[in-house]
């Protein structure tokens, strides 16, 4: 609850700084300070210090899993701010409002990580989505941004419709007419067609939000068209947050009939991995490639949904952390560049060795090479799927796709290290580089001691 | 503690190496580091009593069932020794090669050494996988950055190829992990699995592992990355690749595949053996056609490795003994060949056999040393490879794992003849005949190169004449593995 | 009324909305079709709410009320969405003088 | 003394190392002294051991040096065996070897110091390998020597490595030997599999209990090895080419010692062969065929060394015939006498070449007056090889022919024809080269002189041996129990002798056979002498002669049916299969992915309607699956 | 067939027909008007179901506020029928077919649903009354109610950010 209220409040604060602040740096520091505060209150919340004693009427349920994820999301956002807050301000004239919107998104994320009824899920997702439509269109003069915003909005609204229809059917199918996850989940031996339709529609609409195939089509265009700073935010923190919601929904509401929907999830995973990886191969723009890569990474994260259970949830936590860290890092570098094509990276290693080295590490992590967080992230997902004992074909398919993913990730490495090119004009501060190094260190630490993060989960349970 | 040191020293020195600005200092630094590793390895060898594991364990991924657990048995000893010997040899023999960004080059070399050491000492499947990849990454960078013209494509193919294989292996490892009783990645838990996994599962699990190993070795038809990569990589990297990394595949089969899935190993034995034999003849025939020295050696290596793999699947103690000693020998011999190739390339800037000639007049010492190494490559008696090949052939012939043992022996034997053909061809065209415009001003090798090649030759002859110490070293582990491999459901 | 009448009605309206989204190019009309879909859902929710109320009113006087509350929130969200959506459409119109969803087609492949 | 047998190979090894490592620092004379001295030392030790073996009650001595390979149940000691057979070979090798070393010091005098030392180190290495071969107490040690001599042969044939033809000859020798070696090796593995051992003692002890097919297989494979090393059909073609090496090398390796390794091996394994009659027949037939075939080729050769080379092949065929018909002693006897007279002939030829720098006999003629010693010793050698009594060849050849007759008269007849041809071509060679008028250039004539004593003394010694060597084996028809060699070797062949059916041949028959063969040989000799001394055959051969001069086109045949197909296959693999299929498949996967990527991204049409359509289709598909699953 | 039933059928037919007209109409203005028609029909259904509050809110918020907003925008942009270029015919047909297929699979999936005894209560039942809804909204549902303010805030900020002239 701390996080929900604080983020909403800080969103308002940011709105006012836009009016009151004299310089951009003030806005920047306010945002960063707010985020640190947010992180702190969330950690306090985890530790049992609830600032607000509110009867939530069972609408929300604050489990350590969700709170821990909040920490990750906030920490990631903090790093994101540290790296790119300047660039956020440069997108348009309403810098402070962008920060406000981001805080509202974080509020939405805090809701979807703690919802206990379908109503709160719906509200949370909308609170996430609406600011994102705006952020996507933030570069108002940029037609690409316009286009992305419109596409995102129309398709987002459409998927909202699907989700609502699903919720309606579920509501009809529950014996006592309830939106509470517990009531939705009550043991049912014979599932009525209504229920199944509702479940499938929810699966579809959530798949849309996490950009799983064949509901992913908005992703490349939106990620490509949106201002790069916001793409970074959307592709990482937001996506991860919705994933948590996805998992929570299916774990709390639909676990009893897992066998009924696993097949569908597996089909979606296969399609996602296939389309995401294959299509990424031919991309010429790194930004667009990263959009496709985020689709393929979603395919991997969906394994957590397929398997469910503690192990998978641990994995998802790790995955979101590792994936967000790496992607934020790459985007932060990308933002600084003028040329988003692969050739734009040519010879980067020579002129910006720190950037090149850290980017390499991020890419290795995304590709799932051992000793990076990305490896254990993938490991957990694959292991969770194998643990169920019945999705070997999918796992093998997934690793083959992972092998394909090496192709496009390593293209950047090849460009940076093995090709010569004219240096791009890039201004990077020492602080920027330090944060990048910090990020790289985090990824390596996750790759060596992944259980540190997961242990937090257990410690907090006790 | 020795296995830990074997990993740690190159690892630490490697990382430190990135920060040594002066190229010459970086070179010496890595040389010294590799020397220290060698000393430790030899020290470990003398302390080894032939039986128990030298074991070190530390809690690591406890919740996942993985530990940092390393140990050395006879096979580990011999392969770590090979790794430890190879690197100083490589550093010294390429001492006069100049690399751009030398510090990165040498640092990456040391990191790959750490990875290799890790592969050979890991007694935990996940750790093994870790090192398996760790050894690959630096080599990829080495080959891509300091290689030939088409290096990027060639090494990338190599990387994707091996990475695909290792991912499949990862699936296999995780699957097996869930089958273990105590949910552990430890080698003992894996070894305990052989009786519990039904033949059907073993059958496909086998391929998950085998493809990874087959790509690494490589076995026909998974070999096509190899000639290109060898050709395009800087010679020092090629030495690592062919001298040591190739052994990872063989090692993997012996340590992680055959004892764990004996039934499948038995069942697929004929298929794999056929692949090996086909590959041997195939590679030998292609080697005869090569004009590029590096490609020639690459194909000859495919043929040799095919024989080793064949001998593993023969499931005989004699054959396995042969494999053990041959893994070491092949490493030494092929590094010797690469040294010569490197010397030639550095001097004439070509590797085309057809462009060379008459070198024996100008560089007699080089010629003599090459001839000895080449003869070891064709397994002439009293060279090291003879012992290995003899034992392997003997094992293949007396194998009861297959009904086609005689066919395999004869077919593999044909490669002995073919290897003589292409090796002698190479010697003849490079060293004999008259000098031409390119080679008439050739110089003989200098002192340090002479020393290092002579050292290799001494090792070759020493093992060739008195192989017993090495055979004794691996005796126990061979017994153990063959016993496990002979398990029937 | 039997509930399946409502279900079929709602589904029919929903699918008409979907068909509209699929066939029209005018962004505003596409958006309106989305609104149509939402209304179909609302109708369904209300029908279910009354269905549950009928079945459970003995134990709980307010049984089924949550369905109608949900509809209320859907309207809230719809209103918010409309404000943002129309703003986006207007922005695009300002830049391109078109509301054709296919007019802007720079992002593809 | 037998215990010190390891000294015998040790000396040449030291010679090899010293000459090899310090070849740049040693003077030629020192090199020569080291080279010859070490072999002499070996010879002396061998003599001492020989004297020991002559004593009554000498038992075979096995000297184990160390464990070579101990793996599982396989124990292969590095051990030497001293018995009558090996000591006989030791004497031949070190004795003839020493003479040839001495000869070489003069013959190779023109070489630079470094290469001179290289030559001697190779030669010493050869002696070492050959000694290992004959001393080995098991097949593996024998194999070490076996391949070792092959290597030395390779190195020495290609001694003048600047000449690519010579290198090719060397390579051919090595590869053909390797083909044979593969047979040898497989025989070894079979042996290991059957007996669990390769030690002579164990294998021979267990042999009688073995199934005949297995024994036949093993012995045939061993014989394959022998055909490679001893230049028998079908692997004989390397030997004539091997004449590219320096002549002393041809004398030592390709006449006196190495090529007899096959005979030694079979003689050593006599018990196995005796127990496998089929193999024996094969050996005999192959031997006979080779003898005949090579002799026909020799008829039309004009290169002095080539003639001798083919005659060597032919004589080796005789030896195999002897082995095949069970006349082991006869075969070994022929090895010994052949070593003497063939070394003599080669060295004689070398002396001529040294003087003339010419190998074509058509350009010689009348050398008799210029080189009397060479001429005389060469003539003696010719008598010996032609089998004219009482020269050594007569005794050994007739022993084999007699045994062949006993086995099958056809063997004898073919052998006889071969003997006729042998006499003919040897005296054709002799007459063309030494008689008549000198046909070389005047400059050659100007330099023409008798060779120095380092060359002539070995010639003389060998000539003496060639003349008297035959008396070591006087057949029973002339004097009872005068066959010293038979007596000496009997412990080795004892078991085989017992197994052999005793065929009583009357003395009269044997004498008749001898008379016939001597008669035939004399005809061949006199005809050739008569004809070629007056009217040497100088032109190019006509008609069938072309076929013979071109060696029945066997090289071409091999080239067509083996070498070229293999090359074509390799080329096909390299250019087509590897690139298009194996690698093509791998790259094809990559390309397919790329292509798929290009196509699949078109799905991303950029139109919202299309995207929603996909979504709806996705939903429909999911529902359809659900509906189907329900049913 | 009582009045309720007749009303149900009439309203349903009106709703569906109007909905189809929304999609089919060439002119955006007509579409808006037809949509308002749909809303009215749906409000009628609400009244039938005795959901008075929602019926009124539906009219006020949807038909009143939202649709006016739409109308306003359309007028502002001066869009008429011609401005919309014809969409690819095949894509259109595909759209209709896909919509129909969706309907078909829904029906197919629901066919076996055992809903015969499930009746939606019409005419009576108090839950739809403003009093009851109000109590529920401000007690049990106060949290979502409050949280929706965040939604509005963000929508407001968004509309300003997007709509404001730079």
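In order of appearance the chains are A, B, C, D and E, and numbering begins at 1 in each one.
Going forward, a contact is a pair of C-beta atoms (placed from the backbone, for glycine too) under 8 Å apart; a residue touches a chain by one contact, two chains touch by 3 or more.
Values in this document were obtained by computation on a predicted structure and should not be read as measured data.
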*Quick one: how many steps at least from chain B to chain C, stepping chain to touching chain?*
2
*What chains, if any, are shared contacts of chain A and chain D?*
B, C, E
*Set of chains whose contacts include both chain E and chain D*: A, C
*Comparing A-B against A-E, which pair counts more contacting C-beta pairs?*
A-E
*Measuring between mean CA coordinates, which chain is farthest from chain E?*
D
*How far is the middle of chain C from the middle of chain D, if each middle is the mean of its Cα atoms, in Å?*
97
*Distance from the CA centroid of chain A to that of chain C, rounded to the nearest Å?*
26
_I'd like the Å distance between the centres of chain B and chain E, where a centre is the mean of that chain's Cα atoms._
71
_Gap in Å, rounded to a whole number, between the CA centres of chain D and chain B_ = 37
*Send over the residues of chain C in touch with two or more other chains.*
3, 7, 17-18, 21-23, 25, 30-31, 48-49, 51, 53, 55, 63-64, 66, 69, 73, 77, 80-81, 84, 88-89, 91, 101-102, 105-108
*asked:* Where in chain A do residues touch two or more of the other chains?
replied: 119, 123, 126, 130, 133-134, 137, 140-141, 150-151, 154, 158, 193-194, 196-197, 220-221, 407
*Got the chain B residues that touch at least 2 other chains?*
160
*Based on the touch definition given at the start, go ahead and assign the chain network to line, ring, star, complete or other.*
other
*Which pairs of chains touch, using the document's own definition*: A-B, A-C, A-D, A-E, B-D, C-D, C-E, D-E
*For the complex, which residues does chain D have touching chain C?*
601-602, 604-609, 612-613, 616
*Considering the complex alone, what residue numbers of chain A touch chain E?*
4, 8, 11-12, 15, 54, 56-57, 59-60, 92-94, 97-98, 100-101, 104, 107-108, 111, 119-120, 123, 126-127, 130-131, 133-134, 137-138, 140-141, 192-194, 196-197
*asked:* Give the list of chain A residues in touch with chain C in this complex.
replied: 119, 122-123, 126, 130, 133-134, 137, 140-141, 143-144, 146-151, 153-154, 157-158, 160-161, 164-165, 167-169, 171-172, 176-179, 194, 220-222, 224-225
*How about chain A: which of its residues touch chain D in the complex?*
150-151, 154-155, 158-159, 162, 193, 196-197, 200-201, 203-204, 208, 213-215, 217-218, 220-221, 263-264, 267, 275, 278-283, 404, 407
_chain B-touching residues of chain D, taken from the complex the two chains share_ = 66-74, 114, 140, 143-144, 146-148, 151, 154, 158, 161-164, 167-168, 170-171, 174-175, 178-179, 181-182, 185-186, 188-190, 192-193, 566-567, 569-571, 573-575, 578, 582-583, 585-587, 590
